[in-house]
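Scrolling down, you'll hit the structures one after another.
Two complexes come next, and they have one chain in common, subunit A, joined by subunit B in the first and subunit C in the second.
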Partner chain A sequence: MFNSLYRNLLNNLVSKVVFAGLLTTTLLASPQLSAKGVYQSGPDFFAEVFAQQQPEAGVLWLNSSIRQQAEKILGRKVLGLRVRYQHSAGKTAWILNEIGKEMPITIGVVIDQGKISSVKILAYRESRGGEVRYPAYMAQYQGATLTDKYKLDKSIDGITGATLSVWAVNKVAALALYYHSQAMPQPESTN
Partner chain B sequence: MKSSNSIKTNIIWHRRLGLSVFLLLIFLAISGFALNHSPALKLNKISLSSNWLLSWYGLEKPPIKGFKLDDKWFYKDGSNLLYADKQAVAACSAPLLSVAKSSNTLYVLCADTLHLLTENGQLLESFSQLDGLPVDAQAISAVDNTLYLITDASVLEFNPESLALNPAPAIDPASLNPLTAQLPVPESLEKQLENSGPSISLETVILDLHSGRFFGQFGVLVIDIVGLLICILSITGLLAWINRLRQTK
Partner chain C sequence: MKKQLLATLIGLSFAATTQAATPSVEEMWEIIQKQQAEISTLKNQLNKNDSRITETEIIAEATISAVEEIALAPAASNKTHIGGYGELHYNNLEKDDGSGDKDEVDFHRFVLFTSHQFSDSIRFFSELEVEHSIAGDGQVGEVELEQAYIEWDMANNKTAKAGLFLMPVGILNETHEPDTFYGTERNAVEKNIIPATWWEAGAALSGELSPGLSYDVAAHSGLFLDDGEYKPRDGRQKVGKAKADDMAFTGRLKYTAIPGLELAASLQMQTDMRQGEGEKIDGTLFETHIAWQRDDFQLRALYATWDFDDAINSIKAGADEQTGFYIEPSYKLTDKLGVFARFSEYDNTVGSATDSAIEQIDLGLNYWLHPNVVFKIDYQNQDNSSGTGSDGVNIGVGFSY
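Let's turn to the complex of A and B:
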């Protein structure tokens, strides 16, 4: 028992050190720390996600129950009566906005079979905290699903100086998973 | 005899000085106390935006202008929120350019986003530059239930179902009559935005009053003189106390 606890702790420590190393390397390699800007347009994001597929456009209407849950996840009022997405073979791609500190961050989230396949910052408008867009950070979201309490089932390591941006990405990732569950309901189990 | 006269003169001047700075001294004590405890009193969170105060600080509150369409006013406040009558419906950080109505949908064009609203003024969705809205969008106009987007270079037809923009070579740009001239919004709507736009914190006002800066260089000079008078007051007070001690001996 002690051995397995020790092994878990060691694994956790190693993964955190590797993550920190990757993030530091990426940051040092970056020519510009101020990450303000638009990195990819919506159509380009969808084209990249569904490169080998012919996606269909979908519309999720936010009825009162969906809206209520979405507002719980984001912790604020949700504007808009409908949300658009693209889907193909159980995979959906969403472009959602959430305020970091003062400005909205536009985030693209891809869900495949109920799990996050990728998360990407498409536009970052804050002057600080843009480190969240680096692949080493975004890779943490891969495979995350939604718990019964509508939270991500994976612990996401924060970034010093980008706490609010990290929270914003976490919320959007959870919201995209929730929207996916509403847009692509799983068939009832026959067991 | 000479000594008795100088004592009397000292006391008289002490009284005069005391009376002359009495009110200012109390104000400085109270304002200083308030500034010392500003975080606890949350003075920096209290915003003041009355017109006379803003004009005193040289801040102008621009008149709120907007568009009237279908008995509804569309305008934005100082916090870049788009309003449909009294209801905040969406963010509009870029200039508000134009509004139009086609079928059952209202369209509001901010320079970087086209908002689609229901007839009741509820936001359906937003179509931004990231989604494909041209950066040079200038105005929108609806003709025969079709929405046209006018850019610097061309006229595009907007499909509200697919959010697609397609060239509209058949339409004569002269036949489009976009609503682009903004009018001052009614007073009833303007009143509800009194707390938006430029404001000054109560902490700043108290600090400026305390230092005299509120009244410009003249105010600073007055506070300097009061400070000097307080010094003299304490000296005359000390002398009066010493003289009294000597007399009692």
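Let's turn to the complex of A and C:
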């Protein structure tokens, strides 16, 4: 009895030491990467997008037809009355929020002449699926346009176990393309 | 009479000519004064209108902002979330040797997720499940608490967990909403070898070593093989007054740097599966898998093996090694319709003298009515050397929200 108790204790102790060692190594080895949190503020995002230009602030009012289409794209109610954006020479930049599984993901989308020129995750708050912010994932959206069914014309390879986060980014990318088409009816127009 | 009329007309026209003549300077001055007064009045009015417009703009902006704030408030301030999933199954199976058949309908799982965000970095997550629709004394089902833990983001790339959580092993164990996998029933390998769904109580740490390479380490309660038991699935204590004489450790490395690809390997160690009762049996589980999606094509493959102390062979011959694998290619014909094939093989007594492996082929399709609502139908063909494999059709409907 005492013998088995002692053995158990010893085993537990050895395992604990091994585990603590593993933990310490992992903690020390991991560099300071941010898996969750705010990566870039809105003003910094706009400043980066329009580095060489003087962008103008625009407001897209969500009239009933724009709202209806936006709701179709997102598959949910759209709250708010207007969407603010920045634009210069036919290029627009949007910051939109969409819930992945439970928490909102803040996504910056840049559209140039009706095509996505970049998508960037500005803040990620979900426990899983943080991979969407990697440049390799974001690069998949480059050049995407809107089909006549208001979907992206490119297929996006997802993340196992975080499908909802990928869907959220897909929806926001499609929505930004649609908003762009409403804000800039003529591709060449600057207003 | 005519003369009189003519004279009057001439008189009138003279008077008119006199009136149309250039006004005197005094008269002009008077007119200018009057006009000036009128301009001033108009100017005043214009100024008033201008300030009214500005005022209206301010009021409009304030109103719009307030409306937006109210409209967006519920979403932003809602800290408690409710979600869930469920699946209803119909199985029509027949045993190879004709010894029996299964023809039943079962609300296999009904689950409620509840989570709460205490602060930006501290949250609670739980999963409460009713299995097989009804629970209680002598009933077929169970009510189970499968997850209930506190999660804390210690730093940007480190998250700690404490409580009751799912083991970081396999593909299905942590992500098992019915709309995320093919086949009505969960695959037999993860169920009988890993054994999914598998949860324990303890503490865990997760984080990233480099972009796309993440780790999980956990110290937690272990399995318990009671007298006569040898399968890991039988050892699940489900954290209900569970024996905690001997704890276990799990670690996982996961690589997800390439879009559409997940590569992972897990290792689980426990020094005594008997939890101090009788002869000590240690156990080690190694599991590795790939989940790869490229456009409409997806491939999932998994291998899992348990290595137990030889002492387990006195309970069941050959149980010292228990191994299984499956390979599952699938193809999405449209956004909503996908077809799959799965080949699985598992054996809970690899070391036995007789052939005890169970092979299973599944073929079927998933139809997603909505991204989170799925209908499934599949055909299964199970073979083992004793001829007790079950063949037949499974039909299911599942959802998550």
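Note that in this section the second predicted complex is superposed on the first by the 152 of 191 C-alpha atoms of A that agree within 3 Å, B and C clash if a C-alpha of one lies under 4 Å from a C-alpha of the other, contacts with A are read in each partner's own complex, and residues count from 1 in each chain.
Simple rule for what comes next: a contact is a pair of C-beta atoms (placed from the backbone, for glycine too) under 8 Å apart; a residue touches a chain by one contact, two chains touch by 3 or more.
In this text the structure is predicted, and so the values were computed from the model without any measurement.
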| message | Contact-wise, after the overlay, does A:95 reach subunit B, subunit C, both or neither (first, second, both, neither)? | response | first
| task | Please work out whether A:79 is in contact with subunit B alone, subunit C alone, both, or neither, and reply first, second, both or neither. | result | both
| said: Per the contact definition in the header, classify A:106: touching subunit B only (first), subunit C only (second), both, or neither. | reply: first
| task | For A:123, select first, second, both or neither according to whether it touches subunit B, subunit C, the two together, or no partner. | result | first
| message | For the three-chain arrangement built by superposition, which of subunit B and subunit C touches the greater number of subunit A residues? | response | C
| query | Counting only touches as set out at the top, which of subunit B and subunit C does A:42 meet: first, second, both, neither? | reply | first
| Between subunit B (first) and subunit C (second), which, if any, makes contact with A:57: first, second, both or neither? | first
| query | Can A:158 be said to touch subunit B (first), subunit C (second), both, or neither? | reply | second
| said: So in the superposed three-chain picture, is A:70 touching just subunit B, just subunit C, both, or none of them (first/second/both/neither)? | reply: neither
| query | Once the shared chain is lined up, is A:140 touching subunit B (first), subunit C (second), both, or neither of them? | reply | second
| task | Using the superposition on A, tell me which residues of subunit A are in contact with subunit B and, in the other complex, with subunit C. | result | 79-82, 104
| field | Residues of subunit C defined as touching subunit A within the complex | value | 64, 67-68, 71-72, 75, 81, 83, 115, 117, 120, 123, 125, 151, 153, 155-159, 171, 174-175, 180, 205, 207-212, 214-215, 217, 219, 245-247, 249, 251, 256-262, 269, 271-272, 276, 280, 291, 293-296, 371
| message | Going by the contact rule set out above, which residues of subunit A touch subunit B in the complex? | response | 38, 41-43, 57, 79-84, 95, 104, 106, 122-123
| field | subunit C-facing residues of subunit A, complex | value | 4-5, 7-8, 11-12, 15-16, 18-19, 22-23, 26-27, 29-37, 79-82, 99, 101-104, 125, 127, 130-131, 134, 136-137, 140, 155-161, 163, 167
| What part of subunit B is in contact with subunit A in the complex they form? | 89-91, 118, 122-126, 129-132, 162-163
